[in-house]
Each structure stands twice: as C-alpha cells, then as structure tokens.
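By written order: A, B, C, D and E. Residues from 1 in each chain.
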C-alpha cells in the first residue's frame, strides 16, 4: 500500500489530481458524447459511403479552398494581434499617469461584440463613411478606398475584437514576471532590447503561445463578421461559412459535421505545433530567487 | 515621489504610441459611427445625420422585451463565469503544476471543446440536455455555455499558474492551510489578474455565444445575443439604425458587466503586478 | 418549463374543439412575421382568455430553427408550439419531417383557407398540409433608384445591363442567400429573360446565368444584407438596387431611404410571390393544437388580416380576399397613403404571379450563384 | 499534536536518479533542538522538506510515536517552517502574513491580534506591519518568515537558515529569541544552518551531512572535539588539513611527520603505520613561536585584521599553507614556528568515510 | 570604463516619504574595497541599487571622475552586481546565466567558454552547470549569482550579502576568492554584509549606516577600536552597553560607577560630569576573576558552548546583564567578578548621534 504510494508519488500521482475531476466529468458528460455523435454523423453521409462527406469536401474546390482562405485570414490576424500587444503591453508595465485609463480604453473593444464592430466598420470605413470622407476631403485619395465587404473588412474586425483579448492576456502574463530579473540583466550590460529579447520574451513566450492559440481559435471560427463585412462567397468564404451553409441552408448535417471536424483538425494542427513548441520552452515560476 | 529619469522617447516608442493612437482613432470611428447612426433619423451622404431621435432604441426595446432578456443575460453570464472559474482553475492548477501519466491526453481533451465549432456537437448536446430536462430553461443555457467556457478558463489560466513560485504554496501548507484554503487564500489573490482576464474572456464568449444558447434556451431564457442575432440576420425589413441601436444596447450591457466586474475585483489588479517594487 | 406541456404522447389523439383548460402558447417567429401578426394574436388572447392564458414570443433567424426543433423532438420535449416562418423554414421542416400536418384533418376548422387570394392560394399549395399561410405579398423583382441621380431608369433587363456597363459599381443587389430582394431578383430573371425552365436553376437557367455573369463584371460589391444596399442607395454609393414592394415602402416610412426614391419594373417581369406560414411542430399537445386552430381561424378573418398592411412591411400583406386598406388601423393607413404607390394595385393585377422555387432548387441556385457569381470575385 | 518522538527511518529522496538525501535515520525527542549542518548542496533543505511533507519520499518512512507520518499532507502534520527563500505571501502585508496560520487554525480574532503583535515585537518589525513583503529589506523579510512560523507554536518547527540574512547583532538577538522560544514553548526544532557557531550554540544535537549522507550525529562538543572523519573536521573549522603518512604509535597518540619535524597527534580510527592520513587542526589551536623554536617553521604570508585577533596565513618551507590566529600581530614575511598540543591535532584515515 | 574615483554626493532615496537612504557622501577610489555595514533595513541594499542605477535617486548625484553617472541607465554604467535575492534568470541554465553578461558584451565564443568555465570552477559549481536555477540549493544559487557578476571583470562590482547562504568553510573560501579577484583584477568593490567579521577582514574602508544615515566611515581598525558613537559600537560587537552617569575625569579617562564600583573608561567625545553616558565593551574584553576580586561582582546565568570558548551571561546584583567570553567553563550559579582594561571600556554620550 505504502510502497505503491511511493511509486505513484515518484510518477506524480496523488490526491491532488482529484481537482481535475469536476472539469473532466463535465467535459466527458457534456462534450464527448455529443462530439462523438457529431463525428459519427460526419461518417454517415446521405451518399458516398463512410467517407463520402470528406470526399465531397476535398474534391470540391469551392469547399476545399475554404481551408486556405480561413488560414490566410486567421493566421495573420492572430499573429498581428499577439505581436502588436507585446510592445504595447511591454511599454505599459511601468507606472505612469493615465495608465489605468489607457488600459481600460484598450480593453473596451472587448465589449463591442461582432455586430457593433461589423456595423461600425461598414459605417466608418464604408464608401461614404467618415474615413473615406476624410481621405477625400483632405485630398489623400480621389476615390473612396474600399475597405469593407472584402478581406480587409474581416481582417479589421478580427483585429478590433481580437487585439484587446491578446493585449489583456499579454499584459497580465507580463506583469507576472519578476521585475528584478530585468534589473539583473541591466547590470550585466543588457540594453532595453536585449533585456526584452533575452529575459522578458523567453519568460513571456509560454504565455504568448497560449494567447496566440486563443486568438487564433477566435479568428479561425470567425463567422458573423466574415458574412457581414466580408465577401462571404469569395475572398472571405471561411470554413465556418461552408459548415453553416451545409448545416443550415442545405440541412446536410453529415457534410456540416465533416467540415466542422476538419476545422477542428486544422486548428489542432496549428495549435499542436504552437503548444509543441511551447513545451520546449521554460515554463516554471518567473521569480528570480528569494523573496 | 521618485524623480524620474527624463523620458526621452525613442523612435520605437513613437512607433508604439503611434500604433496605439491609430487604433484608438479607428476604435472611436467605429464606435462613434454606430452610436451616431443609432440616434439619427436619417443619415445619407453627409458627415452627420439630418436629425436626432431615440425611437430606434424604444423600438428595439419593445420589440424584444429587452428588460427580461437583459436580466437573463446577466444571470447566465454570471453563472457561467462563476462556475467555469470554479471548475476550471483547479483543473488548470493540476495541469500546470503536476506531471502525471496521461496529462497531455487530458490537455488535448480540454482543448477540443474550444476548437470544435458548436455545429458539431450543438444539436446532440441540446438533445441530451432536453432529455434530462435541463434545456428550455436557464440551467440548460448555463450548462451548454459551460462546455466551451471551462476549457477556455483552463487554457488561459495555465501560464498564470506556472508563473507563481511554488514555495509560496508550500509556505501556506506549512501554516496549516489545506488545498481549499491554499486556493482561496493564496492562489486566488495571486491569480486575480489571470482570473479577471479569463473571466472577461468567458463573459464575452458567453454573452456572444449564439448557437449553444439558442439551441438550449426556452422562451423565457433567451439572452441578448439571440435578440441581436435576430435583428441582424433575420428575414424582413429592419432599419439599419435599429440594428445599430441593438448593437449599442449590447455593447452598453457588456460595458456595464465589465465595469461591474472591475468593481468587485480591485481594478488595479488588472494591471498592477503583485511584485511591484520601487518604481 | 413544466407548463410548456407538449410531449409526444398526447399529440396523436383527436384534437378537441376547445382546450380542456386555457393553455400557454410559445410562439417562435423566424420570419419577422410578428411585425404583422402580433396585433392579431394579442387581440385573440384578450378576447379568449379561456383558450389561451398567455403567449410568449421569441424570435430567431430561420436556419437554426430546424436544429432546435429537432433537438426537442429527439428528446421528446417540444416547447415551441407555433412557428411563424417563411418558405425556407417551412420547407426545411417539411424535409426533416418536423411539422404536424394540421390541415389534413382539420381544414374545416379554418374557414379562412377557402378565402385566399389566388397568389396566396398558390403559396398555400406549396406548403401542402404542413403550414397555414397567414400573410402574403407579391414581392418583386423591382428596381429602386433616386430619380435625381438616375433620370432615365432602365426599362428592360438589357438596359439594366447597359446601365451597369456604363456606370460600373452603380448597380447593386445583395447576396441572394442573405436577402429577400436579392433572391427575388434571382428568381425573377428567368421570366424576364425567357429561360427554358424558370423552375430549374441547374438545367433551365442558361440565359439567367449568362446575364448574371455579364452583370457581375460591373458589380463591385454584393453586400450581405438588403439593409446595406438600401443604405448605399441612400448615401449615393449605389444608384440602382434590387427591391420588393415591402422593401420599397417600409424603409421610406422608417426614413432609412429618402422618400423620393422611385421604383421601376423591367419589361415582361413576373411577380415572384412570398408568404409567411404558421406551422406546428410535431409533439405539441392536442390541447394546444386546438387552441392554435382557434387562433389561426381568428387570424384569417378579414378584420384581422387588415392588420397585415402594417406600414408597408409586407405590402400589401393580407392573404385573404377583399381586405381593403380602409379596414386597416389608422396609422397603417396613414403610412401607406403617404409612402405607398398608386401604381402597385395595377402592377399586381397586370403581371403574372409565380410561386418561388422549392427549397432544394433554391439552395442549388444559391450555391451556383455563390460559386460562379459571388465567388468569381476572387479571381478578379 | 504533541508527540514523544519523531523517527526518520531510511528517509531518501532522489531527483532524477541523483540522490539528494540517502537513508537518513534519526530519532528526534520532544523538545530537542537538532541542527542539520553541511556544505552547500548536501541535502539539508531536502531533508527538511521531506520532514515537512513538501517533498514525497522516494524511500523510507517517518513516524510520529506510533503513527506513520509520511503519508500525511503537510498541513495535517502541524509543523511550522521557515523557508530558506522566505516564501512570503507577496499579496499580504506583514501582519496578515504572520496571522495566516492562526486564521487557518480558526484562532479567535482577539487572540490572533495579540499573538501577531507579540510575534512582531519578537522580530522587531512593529513599524513594518503594514508593508507588503516586496517593500521590505532582505533581512526584514527573513524576520517575517520567522515570525510566521513561530507564531503558531507548532509541535515541531523546521527552520532553513533562518538567520542567514541578518546582521551579527540581530543574529545574536534572534538566536537568543529562538532559544528562548524553544525552551519556553517546548518547541521541538530542526534547524538548518551553514554556520557552525550557530549550530554549536543552539543545538542539543547536530547532524552533519555530506552529499546526502549522514557523516556524524552527536552533541556539539562531540562534533567539535571528536569529529568522526576529516570531512566533518573540515566542516567544523579544522582549516588546516595536511595529507601525511602515519608514523608509529606513541601511547594513545600517533606520530606524524611535517617538514621533517615529528608531531604527536590523536588518532581517530585505526591507523596502520605508513598509511595515508590527514592531520587536522584548527587555526586557533596552533601556537606561534619565534623563529628557531621547536615547532614547524613557517613564513607569514597574509595577515588579516579580524578585530581582537588577526588571522595569519603562513607557509612552510615545503609549501604547506597553514592558517593561524593570533592576538599579537606578526608582520608579513616574519619567520615563525608553529606548535600544537597533541590532543588538538587529530589524525584521520585519508579515505575517511 | 575604468575610473579614478567614484563620488557619491548627498545620495538620497525615499519610499513614499520615508527616507531609506539620506544624504550619503562617499568617495570611492579605484581598486578600493568598501563594505557597507549596518542593521537590517538600514538602507544598504538601497545604496547599492542607487549606485547601480536600479533605483532613481530622489536627491544627490553620482560622479565618475568628471562624468555625471546618475543619469545613465544601469546597462551603461558597466558595473557588476550580485543581488541579495540572487535574481537568477529562471529560464537559463547555470552556464548561460553566467555567460549572459559576456554575450551582451559580444565577447567571442571561445573566450566566453573559457571564462565561464573559470568562474564555475571559482564557485565550485562545475557539475551543476547544466541545471536550471530552480533545481539548485540556496547556496548554489548564491554562488551562481557571484559567478555571474565577477565573470565580467567590471570596473566596479556591487555585492549584496553575497555569502549569506554559504556554510562557514565555503564562506571563508569564497571570501578569499573575492579578495583574490579584487586584488588580481583590481576590481573596485562595494560590498554589503551584515557580518562584521567579513567586513573587517575584507574591506579597506567600512561605511556604517543606521536608519539611512551614515554613522561612521573608516578603516576596519578605526571602527573596531574607535567607534564614533554607541550605535556603531553596538553594531561592532560591543555587546555590553550600560547606561550610566559620567563621573569625574581622571587623566585621559573618565570614571563611571557600576554597582558601587568605580571603573575607569575611555571617553568618546565631550562628557560633562553627571551627564547620561553609555559605557560599552565587548564580551571578549571582560575578564572573569574569582568571587571577591576587585571587579564588578556578578552571578553566572547562562553558559553556552561555542567551540574553543564559552559564552557566558552573567548578572550583577543590581540586575545588569553582562556578556562575557571565557576559555574556562564556569558553572551556572558561580559567583564571579568582572574586570576590564580602561582602554577597552568606551564611554559615549547617551544621545549619541
């Protein structure tokens, strides 16, 4: 009994693992069964055998290309969101007046929701919106610049809704890093950039990986804005539109499930790569020693 | 107060603040144009609407009986945020701190609900919930929304927990704190920035989650997003301004929630670091 | 909710003439129909508190409807008692076997059904026995423009194309799968162009697809909603847009489109009609079914139908014959007198009425439009 | 929660194959004060963590009287601990840090107040009670850590170098306080230190560890005067350790030869004549005589001021360095002779366990 | 980056109104070894941080020869620092932690390798080079921190209690290494310690701080034998500080009366007869005589083993506690008399600055 406990302790198993149970039970009961049902459904298409839905997806270029379209939209958006948050959050670590206001304002877009964002983009960036009006009246452009109902509209909406997420997370992760480490690096002759590059960034990297994954997932499953400010039959025909189409327009649930499963798979590949890379990083405490 | 070294802004700093400023301009434009439109009578090819009115608000308020909807939304989001933090943080803790066989598999399991679009599992999930009498009322909406929220909390919190020095927990145990007390008294305060961030994300997701909410909601457990979605994408004629008004209502509600959240949790915690020293 | 009652066991039996005790009805509107009919329903409830004690309304976009009803039926707990839907939701439900074919047994309890306008009757036929037409309008296709900017509007399909060619970006219609007028325009084209089989978008629409392809070269933007096209018309970034009778009158009443906007028709057009239906999901208790039958009978009376004029939202609106504007409520009359168009009764009377495509064909048309017309933008 | 004795039975802990602590056997009586001593990295903190329950054992067991202890989680053992890296709760002010354990034990408010005040007084931090740990100096933090542990009056308190960051004066004071606490509260204490003087003055018994293994367990005097092997001697301040050859026995003593002079020493263990030995002595046990005296000749190389005495480094003609202490102050370059009493020169086998 | 002298000019730093360091004036010559001494919380780390550029000054300036230094960011000052809390980079293994500064200075690879190896040897961590800081013992971490700072051979190295977590033996070794480094590389060093012995043995000059203010600056001997006031004396090991009344002058000395016996002491500063004074002496300067001798009578209360000597606590009939040291071992309860040489008894004004 005790020997077993010792052996288990060495492998890291003890009563603390019980803390996992509520979450695990929850996911098992409410997710796994319905999910397997959905996956099962994707293998029971109306025609074409077990893999019919998948075959249809991959043989129909109009469906297949949605993978590329989605990635082209979500990868740059997620990347931009994360990368832009880092320098901004980094600048905002110290104390300065108005910091709280600035942070709050940066976080406000979280509350916008897709609809207001979409409406706002259509109004603001539209052909007669304030933006184009300003360009025209200042003579910066002689015809309205088209920024809505195409790739850029969706991209902007992903940035507006995704950036605050990323910023909030990055700022929080950043503030968990012991500031005395940067000081130590400074006394060792590291300038601002090197301190950031060699000390802060590596300690922040695991958080960045997670942030990237979360914003990527949000961007990848973009749906309403792809329809509202995008070009849903062309440049912004993302996978979720294809899935939605199959499920709610054609009521072809097997195909819809297949598309959704493929969406999950593509996301999993990207996230797996990122998290795999994260596993190679240092992920422990970010304290520098005592105190 | 401490004398500050003169802040000579480097080009990099200018760039960063420039980008922030551009973002703010964009944000102001986006929000402003919607708000202006929602209180305008007619707005054609001009800088500002020709007249002002509040009838779009009155109209959407009546059409969707928004008061009960708002209350339901508040209840649902509070419950979802609370429960998912309660369930998710302990799980994240174990996943961040411990290594045990099957950890990676479990992590993957927790990741799936975030990755999978609700289309895959929404209808069977609703069926299950209806079968056991959970759907069609508030509990169903809450349960369904928890499915992606709990994993979301887990994923967000893991790096936060990794950052905390384990010695602090050990010290608490030596003071006689059991696991629950370590959580409540030590980890939670240290994790406040993380929990706050995660809660806000979950809140936004929940308030904005149409599919699962719609599939499991009963007639008196609709949330705001269902109304909003309707005004946005339903058939029929709807003035742009009334959509704008709905969007503004939605946003104000989120803003109120955010402010409330920041009220109950010390707002400086969101940005201040616990270990803040000197300057 | 415990009082939502309906379970599969008691929906098969005979529907009593009156419910045993007053019931609560949960009504789901997926077509924007309550705008027209809520007044009728409230009127019924206030007069028949012994039949219906309370009504709850909820609304949602049509597509998700099927999933929800399906989930409820799978679990034997249906809490949606009455669905107000357009053609899309109706036929999707028929395909999935969700609706209770009320009319097969109880047509005699709905005398109004015999009184339908010809167009409404045709729409009712489309529904089989699964739904009851409650409102109806001939819809479009129409074109809408500002006379100040388009002094000489095109009169034929060819002229529309020429106009588009001369003014790239000036002609606009919304993506058909997201927009009523867009869809009506799509379905109306085969009649305008004289295609071989206007009901078969895959095989019989050669001219239509060719025309749309040509037009596509001069269309820079397919907005995702009709509202957007209306806005663009109003702010001048679009000059001619596709429209319908409702979309012509109601936005001008609301003020989102200038009052002076005018409509035009293209020579030789056929109306592609549209209607809203009331359907009852399988699994609703017989007590509730009986209350619903009484409610529907009430809604199909002429006095109630007159409320469907609304503010031109579904112009004209009533599905039954001989409902004059004069019978409509005062504000409705006022709005239509101000913003309505005298030419409509004539246009409706003089042009053939056609029922829309069945859902399968319509989906096929959307799909092809997305691939060949909307999606072709990618290549540009 | 009080106990009669605590028994460690082959307690071991490895980190990925490397044994940080190997087979520690030790019985601690109630009220005893045990010090763990040993060079950096020898496993002192590991031993403490195992005892506290913070590190699961990889072998062995711990018993409290007849109850098995190593299966209990740390919070159920009822011990107090002062951590080497303080581990203060960064979000709680000093007062709350100290009150934490009492709150966990549901002590009434008023009493918490009283006891915390007392603990604050004990560590001289009355005016810092409201600060957060991040605003304290290193020594202040360490004192908070001490207060936090002793305020609980636990049945066993574990201290990991609790005084390492304090100045000499405060250290002496705190040392006295710790002893006072130990005595008045009957606290059983296990104390890790690298400071032999501290260990000698505080502890009833010392445990000397090296590379995870126990070298010697004994009273301060035993360790000081009879180190079991040259490693212990090295650690106990025998700074002069000369590798020599054993000579003949002379009575209870043994002869060793340094720079051609015979010295008499006390053997520790069996020493075959001619075997390799290490002769050890403390700087303060070497006596400086004038050049040409009877002792080992040497030349003064470094003289270091140390207050009342000076530390002297000298070197024999053969190059052997010697550390000495002296009240007089020789000059660098002086020639001296060095003598030692036989009982102060210990001779160990060179392969000393 | 070398300099002739470093001048601190009224350097001050407050935290929220409380002055942690007030007006530090100090000139450091190249190659000098300065120790900052003082009780916990007196501002030692603050002074170091100000010098390193990690804390902005609230007043004063720092000059390197003729160049103003306090406006430069830390990385441009070219100093090395050992942090009190180590501040090791948790994500880098030991070797990379040490190499970090060299990499920042773009030292060629091969040389980095060589110098890091040497530094590792210096701190005896050759076998831990691949571990992460979190896997090291406290003392090992501290040694990494030392290696990281000295490997740069900076023009000035700042050390904040760098040896506090090391055992006595290693401490002595490291102390020697630090001195060797200081001398061979000509490193100018500012060294914070709480250990007066360490300070005395290492430093050219000592700076004693109390509550943010300089009490005395001087050579080790000056401080040891001529503390400027009773606070410094207190800190320098004058454990017996008796509040008395000044008596008459007698030659260079002054008479004070303890328990009815007159003692002759050395006055420090002006002492009006009858004024309040504090007479201070070290435990080791008190001599124990048999009962009935000429000194102050007392009774032995505590005897503490401390290796070669014992520490004795005795109490006079009037209740004044005395700390003594003795090679012989009196028994508790023994009656003794205590005497002191006049030059070992310093008499300070009681309101000593």
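Everything below uses one rule, namely that a contact is a pair of C-beta atoms (placed from the backbone, for glycine too) under 8 Å apart; a residue touches a chain by one contact, two chains touch by 3 or more.
Predicted model only: the values in this text are computed from it and were never measured.
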Checklist line | Path length in the contact graph (chain A to chain E, fewest steps) | finding: 1
Notebook entry, point to check: Max contacts between which two chains?
Noted result: A-B
Check: chain A to chain B: how many Å between their CA centres?
Finding: 14
Notebook entry, point to check: Centre to centre, by mean C-alpha position, how many angstrom separate chain C and chain E?
Noted result: 90
Next item on the list: Mind checking the centre-to-centre distance between chain B and chain C? Centres are C-alpha means, answer in whole Å.
Entry: 36
Checklist line | Rounded Å distance between chain B and chain D, as computed from the means of their C-alpha atoms | finding: 55
Margin query: Two-or-more-chain contact residues of chain E, please, as numbers and ranges.
Written below: 15, 54, 73, 84-85, 138
Check: Which chain B residues reach two or more other chains?
Finding: 45, 122-124, 127-128, 165, 179, 229, 233, 240, 243, 275-277, 279
Item checked: Residues of chain A touching at least two other chains -> 128, 178, 180, 227-228, 244, 247, 284-287, 289-291
Next item on the list: State the interface residues of chain A toward chain B in the complex, per the touch definition above.
Entry: 11-13, 16-17, 19-20, 22-24, 26-27, 30-35, 37-39, 42, 84, 87-88, 91-95, 99-100, 102-117, 119-121, 123-125, 128-131, 133, 156, 160, 163, 165, 168-169, 171-173, 175-180, 206-207, 210, 213-214, 217, 221, 224, 227-228, 240, 243-244, 247, 253, 256-257, 260-261, 263-264, 267-268, 271, 283-287
Next item on the list: Within their complex, state which residues of chain E touch chain D.
Entry: 15, 37-41, 44-45, 84-85, 128, 135-140, 143, 160-161, 164-172, 194-197, 200-201, 220-221, 224, 234-235, 237, 239, 282, 284-285, 304-308, 311
Notebook entry, point to check: Given the complex with chain C, which residues does chain B contribute to the contact?
Noted result: 41-45, 64-65, 122-124, 126-131, 133, 135-137, 210-211, 214-215, 217-220, 222, 226-227, 229-230, 233-241, 243
Item checked: Residues of chain C defined as touching chain A within the complex -> 63-64, 66-67, 92, 95-96, 175, 177-178, 220-225, 228, 231-232, 235-237, 363, 366-367, 369-371, 373-378
Item checked: For the chain B and chain D complex, residues of the former touching the latter -> 165, 167-168, 170-179, 181, 185-186, 189-190, 274-277
